[in-house]
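The structures considered in this document are given below.
One chain, chain A, appears in both complexes that follow, with chain B as partner in the first and chain C in the second.
Moving on, here comes the complex of A and B:
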C-alpha cells in the first residue's frame, strides 16, 4: 500500500459512521539515522470532515498569513483531527476504520513539532 | 563601481528581456484595432508581474531554492501538480510561439519561408541551452533585445497627434467599430501577455542559477522595479506605432511584417534592421527562457537535479525534457499552424492559468519557515490580494469571451 491509496479514503468510526476523509498522514522522524534523514515513523492520519484537499501548510498554528487565504483554508479544514496509528483498526484501500473510543487530537502543529493537545 | 555596473546591466537585460512574441503580437494587434484605449492594461499587467516576480525572486534568494520547489514541498504533490499542469501546458505553447517568432523574424530578413527556419531556430535554442553559460545567455539576449527601443524612436519620428493618443490612453473607451466583448477579450489577452507564468518560474530558477543571497535582494528589486516598467514602455511604444500607422489605414495585424511596418515607414531601412534584430533577440531570448522554464518546472516537481550550473550529464533528465519540449514545438509548427495565431491563443490561455500559478507563490512567500523575517509585508499582501481578484476574474472570463467573440474576430 502506498500513501496515495490512503489519502482521500473515507474514515469511519467503530459504528460505521462517516467521520471525514484522510487529508494527510503525519510522520515523526525519530528512527535511527538513514542515508539522508532519520527514518520516519507513521504517527497517525489527519481526518478532515469537509475536504480531503491539502492544508497548504496551514496546519501550523502560527501561520496566519496572508489574510484571507490562511483563514479560508483553516475554515475549509474546520473540525479536522489527528488519530494516532494505535487507534486505527483497519486501514483498507477504500476506507479507514477507527477503534472504539479513539482519541481525536488537535491537528495543528506548534512550530516545527507536532502539537498533541486533546481536542475532544 | 562594479556593483553599479551590475545594477545597470541587470536593469538593461530586464528591459530587453521583458518583451516576447506575446507582447509584440498582442500589443500590435491591440494598437491597430483599439489605438491606445487598452494601454492601461499594460500598466496593470506590469505592476502585477513586478509584484509576483519580486516575490518569487525573494523566495529564491532567501531559501536558496526555486519557488516551484518550495511550492511542491510545502503545498504537496496534488497542489503542485495542478500548478505544474496549468503552467507547463501554457509554457509549451509559449515555447512553440517563440520559436515560430524566431522563424518569422528570420523569414523577414532572408525571404526564406519560415517553415524552413523552424528547425534551425529550435536547434540554435537547444545549442545555447546546452553550451552557453547562464549569465552570458541572459545578458546577450537582453542587451540585443534593447534594439526594440527603435519602436519608441519610430513613434516620435512619426510625429503623431500626441493629444489624440493621450486622449485615447487617459480616457479609455470602446471604439465604435468594436464591441465591448471584443474589447474585454483583448484586455485579457494583453494582461495574459504581460503576466505570462513562465516569467516567475524563470526568474526564481535564474536566481538559484546565479546563486543569489539575501544581500542581493536590493539589486534584484531594482532590476524588477526599474526594468519591467521600462520594458512595459516598449510594449506601449509597439502599440503606439500600430495605433498611429495601422489603425488609420485599417490594417489588421496578421503577420510580423505588419508589426514592423510603422518602424520602416518612420525610420527606413536602418530602423527596420534594428527592429528585426530586436525582435529576433527578444523572441530568441524568450524561447530560451520558456524552454528552460519547462525543464525547471518538470525537474523541480519530480525532484530531478536541474540547472545550467550543473554539467548536462549531471542534470540529464532536465536537459532531455527540454529537448523533448523543443521537438514537440517543432512538430506543432511543422503542421503549418500560424505562429501568430498560436501566440494569440497562448496569451489568452496563460490568463486562464494565472490563478493556479500565482496563488501558490503568494502562499509560500508568506511562509515563515522558508522566509524567516523576509515574509511578505502587509502592503505587498494587500496588493497581491487585489491582483488575485483581478487574475481570477480574467481567468474565469477568458474562455467565455474567447467563444463569444470568436477569438476576437
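Moving on, here comes the complex of A and C:
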C-alpha cells in the first residue's frame, strides 16, 4: 500500500459519522533491526477535524515561534488526535473506518523527531 | 467537506513505545536522501507499507504494517494536478538501506548501487563524458 493514498482520506467512526481527515501517519522504530536501522511499525494515524493536511506539525510539538504562525497553525489543527492501528477497521484511499469504541490519544510527539532516531 | 460533528473531546496520553517516533509528513516525506558518502541521491516522495491492503477489513489483533521502502519518482505533475504516478513509475529505496533519519534521510549504501540515481548516471555516461574534458575532474 502507498502511504499518500491514505493521507487526506475521510475518517469515519463505526456509525459512519465523519471525524476528520488523515493528516499524518505515525511510525515507531521498534521492530527487529534490519541491516542498519530498526524496522518502522505503523503506530497509528493523526486525524485532523479541520484540515486534510498538516503543515509543519505545530499542533504536535512545543514549538511556539514565530508566535503568530504557531498560534494560527495550532488553532487550524485544533481537535487533532491520534488513533492507534488497533482501532482501525478499514484503511483506504477514500475512507478510513475506526472500530467501535476507539480511543483517541493526544497527538503530541513528546520530544521525538529528527535527530532522535538512533544509528546502529 | 462536511463538518465533523462527533470529534473526541477528551484525549488520553499515548501509550509509551519502545523506540523513536516518526511522523511521515514531518520527518520523512520530502526529505533529502543522502548516501553513505554524503552525496545527495533524491528526495522521499512516498512511502510503501507492507502488511496492509487498501479497503480490506483489518482483523482484530492483526500485525501493524511496516515501512518496506521509501519511494521516489516523477511526482511534480501529480502534485500540481492531483493524483499520484502509477506504482510502476516509482523507484524504491528499501528501508533496510536506511541508516538514520535526521534532517536528512541517510542511507548506508552508495548511490551507484541504487536505481534512484539512474538518470544522473545516464546523463554522466551518455552526455557529460562525450564533452571534451568531461572525463576528468576540473583542473
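Side notes on the structure shown:
Just so we're on the same page, the second predicted complex is superposed on the first by the 105 of 120 C-alpha atoms of A that agree within 3 Å, B and C clash if a C-alpha of one lies under 4 Å from a C-alpha of the other, contacts with A are read in each partner's own complex, and residues count from 1 in each chain.
We adopt the following convention: contacts are C-beta pairs under 8 Å (C-beta built on N, C-alpha and C of every residue); 3 or more make two chains touch, one makes a residue touch a chain.
Please read these numbers as outputs of a predicted model, since none were measured by experiment.
On the superposed chain A, the two partners chain B and chain C do not both fit; they clash. Touch criterion met: A:5 reaches chain C, while chain B stays clear of it. With both complexes placed on chain A, chain A has more residues touched by C than by the other of chain B and chain C. Residue contacts after overlaying the shared chain place A:57 against chain B and chain C alike. Contact with chain C, but none with chain B, is seen for A:30 once the two complexes are overlaid on the shared chain. After overlaying the two complexes on the shared chain, residue contacts for A:69 are found with chain B alone; chain C is out of touch. Shared-chain residue A:90: touches chain C; no touch with chain B.
Common to the chain B and chain C interfaces on chain A are residues 53-54, 56-57, 60, 112.
Against chain A, in their complex, chain B makes its touches with residues 74-76, 78-79, 359, 362-364, 366-369, 375-376, 381, 384-385. Listed in rising order, the residues of chain C touching chain A in the complex are 1-8, 10-15, 17-27, 29, 46-49, 52-58, 60-61, 64-67, 71, 84, 87, 90, 95-103, 108. Against chain B, in their complex, chain A makes its touches with residues 53-54, 56-57, 60, 62-63, 65-70, 112.
Of all the residues in chain A, the ones that touch chain C in their complex are 1-7, 10, 13, 17-21, 23-31, 34-43, 46, 49, 52-54, 56-57, 60, 79, 81-82, 84-86, 88-94, 99, 103-110, 112-120.
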